[in-house]
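Each of the next two complexes has chain A plus one other chain: chain B in the first, chain C in the second.
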Partner chain A sequence: MASFIQLLIGGVSMGILYGVVAIGFVLLWQTSQTINFGQGELVMVPMFMMVGLHLVLKIPFWPSFILTLVACGIMGYLFERLMIRKLLPGGVLVIVIATLGLSGFLRYGMQIAWTPQTLFFPHLFSTKPIELGDIIFSPEDIWNIVIISIIIIVLHLCIKRTKLGMAMQAVAQSRETAELMGINVRHIIILVFVLNSVLAGTAAVFAAPIFFVRYDIGIFLGVKAFVAAIIGGFNQIRGALVGGLTVGLAETFAAAYITTAYRDAFVMILLLIVLLIKPEGIVGIKEEAY
Partner chain B sequence: MLKKTLISISILSLLIFFSSGPAIAADIVKVGVVIEMTGAAASLGDYWTKGVKYATEEINNAGGILGRKLEFKIFDTQSKPPISVSAVKKALAWDPFALSGPIYSSSTLANMFLSQEAKTPQNVGSENWRISTKGSKYIWRTSTQQGFEIPKLLNFIMSEKKPKAIAMLHVNNDYGIGAMETTKKYLKEKWNTELVAVMATEQKQADYSAEFTTLRRKNADALFAYLLEEEAAIVYRQVQKMGLKLVLFAPNSGISEDTLRLGKEAAEGVYGMSGFEYNAPEPNCVRVSKYFKETYKEWPDNEFMKGYNSIYLVKTGIEQSGGFDKVKYSQKMHDIFITPKMQKNICGGNLYYDDVGDLHAWDYLVQVKWDGTHAKPKIVAALPPLKGPDSGKKTIWYEK
Partner chain C sequence: MKRLLFWGIIIAILCVIPWFLGDYTLYVVSLTYVYTIVAIGLNLTLGYANQVSLCHASFFGIGAYTMALLLAQGWSFWLILPFSGIFAGLFGAVIGFPALKWKDHYLALITIAVNIITFFIMMQESWLTGGPTGVSGITRPSIGPLSFTPDISYYYLLLVFYILAILASIWIVNSKWGRAFRAIGLNELASRGHGISSFNYKLLAFAVGAFFAGVGGGLFAPLLRYIAPDAFTFFISLEFLIMIVIGGMGRIEGPIIGAIIVVMGPEVLRMAEAAYLIVYSLILIFVMLFMRQGLVIVLDRLREAVPAWVERRK
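This part shows the complex of A and B:
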């Protein structure tokens, strides 16, 4: 039982990180029918920003964090304004190719402009392990789970309960109808891109002490989050979260009870099973339902 | 008229002779650096190329090799074995005298047949034991292969630390799998012991809770972490976070500067083995490390010394064979004992290359110490090679 709980904590702490990155995929898809394959790089860039501000320029953690989030917001705005808006009329495929290009540009740009080396990032929380009987866990894992859960719950409530959130939902369901109802669709889409970048920036701060800061971490996180979004349901925010947790738990339990080798393969098998049985994802809604 | 014509033809012939392309090309010794510039091992490739660059500058400033200047060109393997094959093909099309790199064993195993076919010397940074079994007479290692390094490390751990149950984490590629095979075989044959758990891990893996749960279930009190740099640092941090009490030991990738820079205090106490350390009692290692520290404001990873030596090996081979014949070079560079007297700048002291291009050299057993700001490798002992003129010498203990 102790092993099970230990694994549960490990799986959830990774899964929730995948989930928060996956939410970005869902948000963008819902409001602008955009699949952003540069999502992982939107996490990688703020990791480097935090290193620059907090570790190189020695700015205290909280001001660095806030400055990073502001920079992420601007990055999201520019992403929509300079790229997506121009390419949106070309359809999903054009955007997929363009974001793949952007992903490579950011990745190798960071390698050339900064360093190919992996950079250190300190723990955000105490590393002193907590023992509860046979169970040993790290405060870092627990804090990550708690804080990211709160962020996701607040985001969910904002989308469900506020006027702005409802406008986002309306845009997600039908851009034309939303426009007819007086919603400024353009502003909503910009807002979602900014929100996505800020969320990615938040994920970056929690991911950096676990993964360290490396220019190519975006591919890894982006792929995991994309798979999580598909498994959970590409048209539901809670789908991204469920998908993230499913991926995190599947790889942890498969590694513990089957084999540690090919842990990624188990996730891919799971993806295939979900696509075959429930293509809309575990909690996703069939598109016809709209 | 005839006289004028003859003089003109003679002048023209002389001009063509002295300005022809091949004559200029022949004045240069070209080395194709086939290395991981991007991808998972970009950081290591960066150290390696800095070593290549420094050695090239040194050699050229001292007059080149047998009067010829050295020139290198980089070909990126992207840290992927299939790409490394095309990188070697491109490098060979450039007509180099020798190749330097790659580092990843999987890449070397994929591309080494090309250098063999082209009869072009290739100095690699790979450590998988299988490389030496492929029969190539054109491959040389720049560090001790895992088949020689692991037994030395295991002997120390088994005799000094006396663990009851050893588990192993290894990266799931040729580097890690080769190490796992060597470890299992050696423990069984020499120590009549078996690993209580063998766990393959993925590159960029960040969560090891499944592996640590297994360690606890098996009551392991020692862990051999045969991982790449970043993953080794992550494991040290997670061992610390989980409060596991283990004898941790690792190959050179687990105690390299790249790993310790990331692992910091979590790396405290880790034992490891390496042929090159910036604080080793070996003058050339210290000299090139000081250069690196002054130039790049940090201590080098051992890949820097390996890249550096890959160029000095080319110089040694050419000088020892007395020219630029690759076949003669190959013959001369097998069963050769390279001493600082023979090649004064080469790192690592006495280096013996056997008949398959395996390096037999002194290795340093180190333990990582945390001084409050940096994790540093402290030299515990210098262990003699298993083969070659130095093989009979005794271990030098600096601290036990």
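This part shows the complex of A and C:
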């Protein structure tokens, strides 16, 4: 039982990270039909930025964090401006291929420009295990869960309550109708791209101490986030979160109780099962066939 | 007549060049032939029928492992090669099932998942696949006294299959199947309206595409004489995709041009692996932004421009 709770905490803390990355993914899809196969690289790049600013240039944590987020926002803006805007009329497949190209460019670019080695980032919180009866857990996991939950709740409230958030929802429902209602769809889409990059940047800071900083970490995170989005439900922000948690818990428990050898493959098998049984995702709403 | 002469000269050149190439260059050219066969398969699936497959390296791997493992059982190369294709083709048909329901990004992710799973199986199931170290000591075939063991003879064998694969793809594209693939690729709903069973043809597009990849794999294993899971990762699938996108999707010449650029480019430019991957990634974005037909349009332009230029010179 004690080990079950420990695994549960570990799984949720992983899952919620996947969830945050997946939320950005879902937002992009909803508002602009962009499938971003470079999503993982949008997490990888800020990881390196944090290492560069905080560890190499010795800038204190908070200023480097803010600088990183600003840089992420600019990256998101350029991503929309220079690539996606021109590609959207070409359809989904064109975007899939182009973002695969982008992910390769960022990945190998980082490898050449910086290092092919794994870099370490200091833990943000204490990792000294806390013992509660039989249960031993790391405060880092708890802090990650708490802080990311707060970020997600704030984001959720912004989308549901503020005018800008409602405009975003309107664009997601119907671009044409939103335009007729006087919403500047262009601006909303840019906003979503910036928001996505900033979310990915935030996730990067939490992920860096856990997954370590490596040029190819983006594939790992990007595929997990994409799987999370599909498992949870592609047309719901809630879905991304549920999917992220499912992926995090599934891989943690599978590794502990079934086999560690197939840890990463297990998530893929889960994906295939979900797609066969409930293709719209666990909490997704059925749309016409994709 | 003129065209026959043209192709005759090209084939004659390809027959003569191995005598002038060093060992390594000969290997690179041979590898290009193998990869072209796989890329031709992907071109049928993605280029013509518009069904994304990011697990062509799995099909390729299934073909290669079939060859390596059955050769070790003492089977004949000539008997196994069709099996390499058929196993991969059957697997492709199974993977094609999701394609009946999902397309574009969903299919892309599903096929990535398949590639990751097959890679894990190759790595973990050592009793069958030899695990991370793979299978070594793969022999090359012979017909009677004619042995294909020397690199140069195996080159000629690959050249034959290379030409056969290109001819087969021309034949398929112009057959009833090819027309159905293109119809589905252009507009699935409309093609269904014209009585094309999109259900059967989507499965077929995957199966045929995988068959080519399987045959490619069957030829690949004896070329290297050693196979390991590294040769069949998702990144290799991505390289096949890059080949046909750069070359030109939905064109016969596409995979031929693409494979030459992707396999030979790094050797010619003598770049580090990461450096040419950056270049290819940029080309991928560039092609999607400005030149969606691929490099084959450069060839088309030349084909128009050269006769006009000759005309003017007169």
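One rule holds for everything that comes next: the second predicted complex is superposed on the first by the 287 of 290 C-alpha atoms of A that agree within 3 Å, B and C clash if a C-alpha of one lies under 4 Å from a C-alpha of the other, contacts with A are read in each partner's own complex, and residues count from 1 in each chain.
Throughout what follows, a contact is a pair of C-beta atoms (placed from the backbone, for glycine too) under 8 Å apart; a residue touches a chain by one contact, two chains touch by 3 or more.
Computed from a predicted structure; not experimentally measured.
Look at A:Ala261: by the touch rule set out above, it reaches both chain B and chain C. By the document's definition of touching, of the two partners only chain C reaches A:Ile35; chain B does not. Once the two complexes are overlaid on the shared chain, A:Gly90 sits against chain C while remaining clear of chain B. Of the two partner chains placed by the overlay, only chain C lies in contact with A:Leu102; chain B stays clear of it.
When both complexes are overlaid on chain A, the residue A:Gln117 reaches chain B alone and has no touch with chain C. Of the two partner chains, chain B is the only one that A:Ile217 touches; chain C does not reach it. Contact with chain C, but none with chain B, is seen for A:Leu275 once the two complexes are overlaid on the shared chain.
Of the two partner chains placed by superposition, only chain B is touched by A:Ser13; chain C is not. Legend: residue contacts after superposition of the two complexes on their common chain; A:Glu179 is shown touching neither chain B nor chain C.
Shared contact residues of chain A, touching chain B in one structure and chain C in the other: 108, 111, 116, 261-262, 264.
Of all residues in chain A, those touching chain B in their complex are 3, 6-7, 9-11, 13-14, 108, 111, 115-120, 123, 127-129, 131, 136-138, 140-141, 210-212, 214-217, 220, 248, 251-253, 255-256, 259-264. Note for the complex: chain C touches chain A at residues 50, 52, 98, 101-106, 108-110, 112-114, 116-117, 120-121, 124, 238, 241, 245, 272, 274-275, 277-278, 280-285, 288-289, 292. Of all residues in chain A, only 35, 37, 83, 86-87, 90-94, 96-98, 100-105, 107-109, 111-112, 116, 223, 226-227, 230, 261-262, 264-265, 268-269, 271-272, 275, 279, 289-290 touch chain C in the complex they form. Considering their complex, residues 37-40, 42-43, 45-46, 172, 199-202, 204-207, 209-214, 216-217, 229-230, 233-234, 237-238, 240-243, 258, 261-262, 264, 266 of chain B touch chain A.
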